[in-house]
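Below are two complexes that have subunit A in common, paired first with subunit B and then with subunit C.
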Partner chain A sequence: MSLWLAIARRAFRRYSTYRAATLSGIFTNCVFGVIYSYVYLAVWAAAPGAGGYSSQDAVTYVWLGQALIMTVALWGGGTTEELAERIRTGDVVIDLYRPVGLIGWYLAGDLGRAAYHLLTRGLVPLLVGALLFDISAPDGPVTAVAVLLSVALAVVVSFTMRFLVAALAFWLLDATGPRLLAVVLATFLSGMAVPLVIFPDGLREVALVLPWASFLQTPADIWLGERTGWSTLGGLGLQVFWAGALLALCAVVLTRATRKVVVQGG
Partner chain B sequence: MSIIEARDLERTFAVRRRAGRLRRERSTVHAVRDLSFSIEAGEMVGYIGPNGAGKSTTIKMLTGILVPTAGHLRVAGLDPSARRTELARRIGVVFGQRTTLWWDLPLRDSFELLQRIYRVPPATYRRNLDRYVELLALGDLLDTPVRQLSLGQRMRGDITAALLHDPDILYLDEPTIGLDVVSKGRLREFLRALNDERGTTLLLTTHDLQDIEALCSRVMVVDHGTLVFDGPLAGLRSGGGARRTLVVDLVDEAPPIDVPGASTDRVEGPRQWLSFPADASAAPVVAAVAAAYDVADLSLQEPAIEDVIRELYAGG
Partner chain C sequence: MAEPVPARALEPVRLYGRIARMWIRASLAYPVSFWTMTIGAFFTTALDFVGVWILFGTIDGLGGFGLQEVALLYGASGIGIGVADLLIGSVEQVGQHVRTGSLDVMLVRPVPLLVQVCADRFQLRRLGRIAQASAVLAYGFGAVDWSPARLLVAIGMVLTASVVFFCLFVTFASVQFWTADSSEFANAFTYGGNVLTQYPLTVFPGELVKMLTFVLPVAFVNWYPCLYLLGRDDPFGLPAWLQVAGPLPALLLCGVAALVWRAGVRHYESTGS
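Moving on, here comes the complex of A and B:
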């Protein structure tokens, strides 16, 4: 356990050295938060109660989205990039000589990164949003804990997706196409573009059970009280399922990729 | 008991090749075949061979990250691929061309992370760290990020990293590559001392034969996936058809010298070059020459180890 914590701490520290990037990122999140808030307020004024959200819910959702973009690494990045690079250069062989699992190693690092991004690029925009707009808070400590748990699971699910895309580069040599596709899918199916709850019938139900819903829609709905009790547990359960299934898939892909590296020599 | 035991080790790779528009041909490549050897605890063994001979494949099988296709393999009493993690705690690996340290961390942080990875008890960790930091003169560098270290400094850091958990076996893959003469010398000295004091078994792959001459009492030469030589360095010189050369300076010019057990390769004025098998004694040849000719001077040349190995590779 102390090893995983040490890895996470190290990633946290490393990301915290990029202060200027963090500050400019926070500024960007806030600007977009303001713009989207006014857009959503206008939309919900025209269609009150759309998706079961009040206009306060909608604005809160905007700021939660801004807070989670970097935390969940919705658009890529994080330690999966490092791992992909190490597979490409063959340095991954060194990782294999160690008595620790590769995926656990990089996942722990990514959770450390996510913790840093949550405290900076997550918390600060939320506070700014709370100052400028009327946004809601979770209705108690239990809900708050459930939100944190849901965000942690969101990071794990997003880690697996990013890992799979990065691993693709290993076979394709250039993963620009898949990467772009992954960003588009994540943007729409996480609810970052528009909340999944206002998707048309049919598409909405499908989108809500796909892994991308974990990134934003599920934690946001727990925060907003759209999910309570069993519904919260159901949402978390689905996230656990996706995290487990996709981690298993990552393990299979990793075995195949490293076998190739190991065989190629170096 | 041998610390490493390999019997009839074999590793094949399936290679798929495009043959025509859709058809693909499968063929099998033997990276290693019929490889048998055993290494005793505390030995220092050089493992050499040309590129692509099967060195890396062997090391990967010994460390358990590659599964042998056939054969029997035990390292420290364990089946490497089946118990890779357990074995990993008992071996150290050093690559001349890659680093096990973290680029963006100070040396000290890398070491601390490794302590956790290998679960080194704090007392052992402190003792080893103090010891290697002193021996390898790393004291002033502990707080420097690895990316700012010179190659020689990084290498010393890597060696320390590989030894923190007291491995029984240390694999070194071209440890002196790119180092200057002084650094090379110091590193060899350190490895010798390590083997002396701790009895650490060293297996060294290298293209620098001076590493082998300085460190290894035993050499294994691999080519095309099989061992072509396994024995003491001296034996490598005498075997394989290598010849020693006796340079004779006569007082006067003379026709080619004719003595039993040696042949004259070259004549240049009063100087003549005689050669004889490297495993034969020079004494009878010298005596015969001195008895029959007026000799001004004599000198003996050992075959260069590079030449011997080149011949081995060519014959393989």
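Moving on, here comes the complex of A and C:
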């Protein structure tokens, strides 16, 4: 356990060295937050209560989305990016030597990174959003804890998906194409492009049970009080299920890939 | 010495073409990746418009504009940023060149620096985005009651949009000469300008729209020409001549971009190691 913590702490510190990058990123998140807030206000003014959201919910959702983009690495990035590069150069064999599981090593690092991004690129845009617009807060400590738990699970689910894409590099050498496709799916099916709750009937039900819903829609609905009690537990349970199932899949893929490396590397 | 002027003026373009061709050949070395990325670029942006379409599933009009009229705005802005991104999007990487020192290598080559930075890692797959935006624009054209003057304004709109985004890319990438790892700062203006102009500006407060007209003139990318194409009065009560004034701010921006870029290059001192 202390080993994982040590890895996570170092990843946290490594990311915290890029101050100018963090500041400019926060600025950009805020600009997009302002743009989407006005668009959503206009949409919800024309269709009050769409998707069960009030105008205030919709604007809060916008800022939660901006806060979570980097935290859950919605557009890629994180330690899986380094993994893909190490597979391409062959350095991954060093990772395989280590007396620590490769998945655990990279997951711990990614959680450390996510903690840093949550505290900077997550928290600051939310505060700016609260200053500029009327956004809601979670209605109590229990809800707040549930949100944090949901965000942590979101990072794990997102990690597994990025890991699987990175592992494609074992076969394709250059996984940039599949990575782009993964970003498309994540953007659309996480509710980042448009909240999943206003998707057309049919598509909405499907999107809500897919793993990408974990990234933004589930934590946001807990924050907004759209999910309470059993519904919150159900949402978290689904996230746990996806995290477990996809981690298992990562392990299977890694085993197969390892054999492939031996064949290629001699 | 006695080289004719047009040939000299075209020389950077020819050099740009040669570097770009080299990168196209390089990217085709991984065919699976190249094609998934080109198709991916098409679908990324296609899904983006599906998002707008889903919004319109819950409403009839946004800020007084219907879906087809929004498609007109969306398509024009999309082609503008698509063309700029295809031709010079790599300028975003200038901070990386500063950090790794590869800018020094470029400075000693007998090719203009801006040409080298812009043509570096030229990515043909960015055509996917232009294709998608063109399809959306074609759909949006259905909302226009055509006349020769409107056709002229439509052509001018696409050119102006490309030039404006071109200048935004160069101007804000130049900031990286001062702070090398702040590339995301530029996104707020380039991609932010693109997202903002996908929607009718009537959803934003009037002061913001004035700022987007007179300070950071992204409103000329599509908003003013589209008002002309649709035969609408300015919802903010601004003068009608703004609707056809687009090329003027585009030219001004070119001057600003050139000045900022030159200031950046002058400021540049190698990492020294």
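Just so we're on the same page, the second predicted complex is superposed on the first by the 265 of 266 C-alpha atoms of A that agree within 3 Å, B and C clash if a C-alpha of one lies under 4 Å from a C-alpha of the other, contacts with A are read in each partner's own complex, and residues count from 1 in each chain.
In this section, a residue touches a chain if its C-beta (ideal position, glycine included) is under 8 Å from a C-beta of that chain, and two chains touch if they have at least 3 such contacts.
Source: prediction; values computed, not measured.
**Student:** In the superposed model on subunit A, is it clash or fit for subunit B and subunit C?
**Tutor:** When both complexes are placed onto subunit A, subunit B and subunit C end up side by side without any clash.
**Student:** Between subunit B and subunit C, whom does A:Thr28 touch in the aligned arrangement: first, second, both, or neither?
**Tutor:** In the superposition, A:Thr28 contacts subunit C only.
**Student:** Can you tell me whether subunit B or subunit C touches more residues on subunit A?
**Tutor:** Looking at subunit A, the partner in contact with more of its residues is C.
**Student:** Considering only the touch criterion stated at the top, classify A:Ser2 as touching first (subunit B), second (subunit C), both, or neither.
**Tutor:** A:Ser2 sits against subunit B, while subunit C stays out of touch.
**Student:** Examine A:Ala42 and indicate which partner it touches, taking first as subunit B and second as subunit C; both and neither are also allowed.
**Tutor:** A:Ala42: touches subunit C, not subunit B.
**Student:** State whether A:Pro178 touches subunit B only (first), subunit C only (second), both chains, or neither.
**Tutor:** In the superposition, A:Pro178 touches subunit C alone.
**Student:** So in the superposed three-chain picture, is A:Arg14 touching just subunit B, just subunit C, both, or none of them (first/second/both/neither)?
**Tutor:** first
**Student:** Just subunit B (first), just subunit C (second), both, or neither: which does A:Val157 touch?
**Tutor:** Touch partners of A:Val157: none, neither subunit B nor subunit C.
**Student:** Check the residue A:Arg98 against both partner chains and state whether it touches subunit B (first), subunit C (second), both, or neither.
**Tutor:** first
**Student:** Please compute the subunit B to subunit A to subunit C angle from C-alpha centroids in the superposed arrangement, rounded to the nearest 10 degrees.
**Tutor:** The C-alpha centres give an angle of about 100 degrees at subunit A.
**Student:** Touch check for A:Leu224: first (subunit B), second (subunit C), both, or neither?
**Tutor:** The answer is neither, since A:Leu224 touches no partner chain.
**Student:** Just the number, please: smallest Cα separation between subunit B and subunit C in the overlaid arrangement, in Å.
**Tutor:** The answer is 12 Å, the least C-alpha separation in the overlay.
**Student:** Of all the subunit A residues, which ones make contact with subunit B and with subunit C?
**Tutor:** The overlap between the subunit B and subunit C interfaces on subunit A is empty, containing no residue.
**Student:** Which stretch or stretches of subunit B touch subunit A in the complex?
**Tutor:** Residues of subunit B touching subunit A: 13, 52, 56-57, 60, 63, 65-66, 85-86, 88-89, 91, 93, 95, 98-100, 102, 104-105, 109, 112-113, 116-118.
**Student:** Can you list the residues on subunit C that touch subunit A in the complex?
**Tutor:** Per the stated touch rule, the residues are 30, 32-37, 40-41, 43-44, 47-48, 50-51, 54-55, 57-63, 179-185, 187-188, 192, 195-196, 199, 202-205.
**Student:** Provide the residue numbers of subunit A that touch subunit C in the complex, in ascending order.
**Tutor:** Those residues of subunit A that touch subunit C are 18, 20-21, 23-25, 27-28, 31-32, 35-36, 38-39, 41-43, 46-47, 50-51, 172-178, 180-181, 183-184, 187-188, 193-194, 198-200.
**Student:** For subunit A, which residues count as touching subunit B in their complex?
**Tutor:** 2-3, 6-7, 10, 14, 90-91, 93-94, 96-100, 262-263, 265-266
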